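Lettered A, B, C and D in written order, each chain numbered from 1.
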Amino acid sequence: MSHASRYVVTLGCPDRTGIVARIATFLADLGGSIVEAAYHADADSGWFFTRQAVDAASIDIGVDELRERFATVAAEIGPDTEWAVHDSSIRKRVVLLVSKEGHCLHDLLGRAAGGELPATIDAVIGNHPDLEAVTRAHGTPFHHVPFPSDPAERGPSFAQLRELVDSYDPDAVVLARFMQVLPEDLCDHWAGRALNIHHSFLPSFVGARPYHQAFARGVKLIGATCHYVTAELDAGPIVEQDVIRVDHADAVSDMVRQGRDIEKLVLARGLRWHLEDRVLVHGRKTVVFS
Amino acid sequence: MSHASRYVVTLGCPDRTGIVARIATFLADLGGSIVEAAYHADADSGWFFTRQAVDAASIDIGVDELRERFATVAAEIGPDTEWAVHDSSIRKRVVLLVSKEGHCLHDLLGRAAGGELPATIDAVIGNHPDLEAVTRAHGTPFHHVPFPSDPAERGPSFAQLRELVDSYDPDAVVLARFMQVLPEDLCDHWAGRALNIHHSFLPSFVGARPYHQAFARGVKLIGATCHYVTAELDAGPIVEQDVIRVDHADAVSDMVRQGRDIEKLVLARGLRWHLEDRVLVHGRKTVVFS
Amino acid sequence: MSHASRYVVTLGCPDRTGIVARIATFLADLGGSIVEAAYHADADSGWFFTRQAVDAASIDIGVDELRERFATVAAEIGPDTEWAVHDSSIRKRVVLLVSKEGHCLHDLLGRAAGGELPATIDAVIGNHPDLEAVTRAHGTPFHHVPFPSDPAERGPSFAQLRELVDSYDPDAVVLARFMQVLPEDLCDHWAGRALNIHHSFLPSFVGARPYHQAFARGVKLIGATCHYVTAELDAGPIVEQDVIRVDHADAVSDMVRQGRDIEKLVLARGLRWHLEDRVLVHGRKTVVFS
Amino acid sequence: MSHASRYVVTLGCPDRTGIVARIATFLADLGGSIVEAAYHADADSGWFFTRQAVDAASIDIGVDELRERFATVAAEIGPDTEWAVHDSSIRKRVVLLVSKEGHCLHDLLGRAAGGELPATIDAVIGNHPDLEAVTRAHGTPFHHVPFPSDPAERGPSFAQLRELVDSYDPDAVVLARFMQVLPEDLCDHWAGRALNIHHSFLPSFVGARPYHQAFARGVKLIGATCHYVTAELDAGPIVEQDVIRVDHADAVSDMVRQGRDIEKLVLARGLRWHLEDRVLVHGRKTVVFS
């Protein structure tokens, strides 16, 4: 939690010999004290992934110069290398999109207040005004963007949403039970930054009313899935999932209640990992260095 | 475990006032000491379900007379009443259908040997001969029924399978990773007695190679499902499910290995509940008084 | 959830034949439609426990008359019978005792606001003033009762606490990370109504700083326990427990963060079951008809 | 599972800058292709731990020469460095110690037969003869070493046990529900190689009859713990733990049955990690690179 400031390096590239040595030597030459390091060589895709966190106090240069120097290392490793260098002392910004159900909003505001998220929640935007009061009670701005009931007429609302969200330049756009399907251009625009919580254990029960679907099928566990938003509905790369046991005595309303606890946990974990640069997306899948 | 002998009454019927009183009074009038009782009123279907276990020593009459007398009670309750009276001292019979993968077979033979199942495993039938030795080491008969690779030519094999299984008159026919899809007539013939273990968290990943499907989708949990076999593939009433956590470092082979542990547990639980008359099927769903 | 109003009957007594029949017949004679029923015959103690929920609309008489009539039934069953009849339409009252850590408070206020608890939180009392703002933001009264650092001088504070709590006549007094050990007389005074959340999987790590104890021992799971408060520290009847996985990479601060999620869930479940009259205490143990 | 052959390097030492770079450069200079790498810098103890698995086919030299060369690297890193180099193609040897309860034995024999353990089970030694038949059915030698009922007279039995076990020169001595407390000299002699499965969630319920202790306390979860054996009873470094839910309806015999499933899983996981050199012991705790 109250970690000392860190520089976090993430990198993905086609695997070959010597990458770890190259990065480790680069960091050691700077005197960098590594506090966390994780690697993954994916036999299926032939890609290599790593995340390394260095105690910022152990390195004499600032994050900008570190980034500049690391660019040379990354270029040496190969032309397809995808990488980033983050400074954990620069607090990130989150915008939450909500509708009427407040449990995820409430949970995230509480976590932010308790210092559990390495970010500030800069704004909450609702397609209904219901959650304005609880948002403002936390000192957070709330914007109401109404959405017409006719899907064909929602274009202006999405345009307004985009403009509002972008005005905060957020590191994460969280659909905290937003209940509106983002149009393809918004999915592309926020690619890699928009996280959704779906109230089922995907790929089961895609789309609307998953608890009703779960009840009808008679499953013995219900779940929730945190995933990146892509143009294909509920099919983006999965960051985190979890389940809870139900039985024949649980009505849909009981599933809704119990499911909330899992939704909150799964979204909070997924968002924290995203904000701590622990999630590397590759194709339709994620590497999560939790 | 080593329970004293019990009479187990199960009943399902359209719900109405007084059913519990009627059954409880019937049992009390016989001096029956109730050791377990469970009820479920299903608001969705309007049906009522119960399971009651009575200490057999507390009742003077035998199971046949108890069954005869209870028929009158059941008739009074209503014409749609589905019920049964079982004597737990009559050990049940199980036939296992297997292919090449032995983990579920091995696990169930071990549990039967340890007295954990209220049943004997009377025979194992394989479409491959691979598991004959381990089966015979437990003193259990093994039958090899070869299946042609062309699905169109499997009719005689299924006929032989049916005859063999029926010769044991089993209370449960367990597809312990059998890998053959039963034809509709066999599904109907063994309806309510045939249990399958599917190596995914249904309804996700129906059909072949579910671990490969799970790997491709990048899910963070894998599961297994024990369900009754019906004509629609992997769509029968679910008895039990469970999951285990996986991550990006797990190849398909790791999922196969970890999944085995869940398959074994889920099948063992589902089978035990079936054999202890704890599972009441209603439509596409189950009530499990575990 | 938004259940129709119910009368809930709970009963515990030495087991003997005919108890179920007696209660069920009593309810059936009143036309009572049973929506939930659970029984437990405890072989170890020889006691019988039941909880039955009846649709209030199916019975013509009010809860007071029902209670009066049931008293006769209970007396017939035996002199040691412990029983109660509750009306779920009478909303219960909760008082929370807190210190500085706000996660359980925040979670319970959120659940109450979302209609998830069958109760109102009538007051929050803190031995520190830190959580006053968040409490008042929910429109709930907050009282600050300072506790001297010298344990020998805390008598007047406990007296003031007792008076304040009792002024709300609560159905549950919840020690939501209160961090003060109640004196024996308060334990007795609130017996069966005071619930504590302990941040370990009891009986492991009784007393202070359980996460530090867990870290030192190198356990691979950490947990939380909701229990009734008794004079013996952390030894009261357990209502609910759960755990979460940790590993060598988790510092004490990580355990504290992860543990909070389990504390919140376990306390919320335990409190809901208590408020729904699902918990029957017998000696040092509980029967929980969840 | 059918992994290509690997060289596995494990190392623990006081943390300082440059260790990762030194090891990674060493491996890269040999052309080593790293298939798995894990690091842990322990802020509490100030120690650093790593485990790296290299594709053996990517390195021209054999394991002996690799070990010799790595000794130089380890010496450079510091005098307190603890390290090892293993060749995964050299199958390890396991000896199991058992008593009368066969579930863990049965489970491990099944896993070994299925190729799930990177080891052969070379012998089973029982203080009772009960499990001889099932052991021999797997083609594994069984030795019966009787233990007198008087603890004071068990010296010769332990001496015989030691001689027998040592004759197999095992990489792991597994107390698979052995039920005898090893004397201090045997704990020391097999230090780091002897694994026990204790049927509770340690540190709760140390010693005899933990399920009876759990029942008496009324816990809502029961567990199992796999740990290295040390002279202090049930206090050795923990490798793995897990739990399963129980409730008021579970008698001790039900806990025993359900607990078996957790004991099997926990022991199998702990043993596999030990055999794959994933467990680094430091003081009373373990680092498990699972």
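Rule of thumb we're sticking to: contacts are C-beta pairs under 8 Å (C-beta built on N, C-alpha and C of every residue); 3 or more make two chains touch, one makes a residue touch a chain.
Keep in mind that what you see is a predicted model, and the values were worked out from it rather than measured.
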{"item": "Both-way neighbours, i.e. chains that touch chain C and touch chain B", "value": "A, D"}
{"item": "Identity of the chain that, by mean CA position, is farthest from chain B", "value": "A"}
{"item": "Length of the line joining the C-alpha centres of chain C and chain D, rounded to whole Å", "value": "41"}
{"item": "Separation of chain A from chain C, taking each centre as the mean of its C-alpha atoms, in whole Å", "value": "35"}
{"item": "Where chain A touches two or more other chains at once, by residue number", "value": "36, 43, 249, 251"}
{"item": "Residues of chain A touching chain D in the complex", "value": "15, 17-18, 20-22, 24-25, 27-29, 31-39, 41, 43, 58"}
{"item": "Footprint of chain A on chain C - complex, ascending", "value": "1-2, 36, 102-103, 106-107, 110, 113-114, 116, 134, 137-138, 249, 253-254, 256-257, 260-261, 265, 268"}
{"item": "Residues on chain D engaged by chain C in the complex (per definition of touch)", "value": "40, 42-44, 49, 201-205, 215-221, 223, 237-243, 247-249, 251, 284-288, 290"}
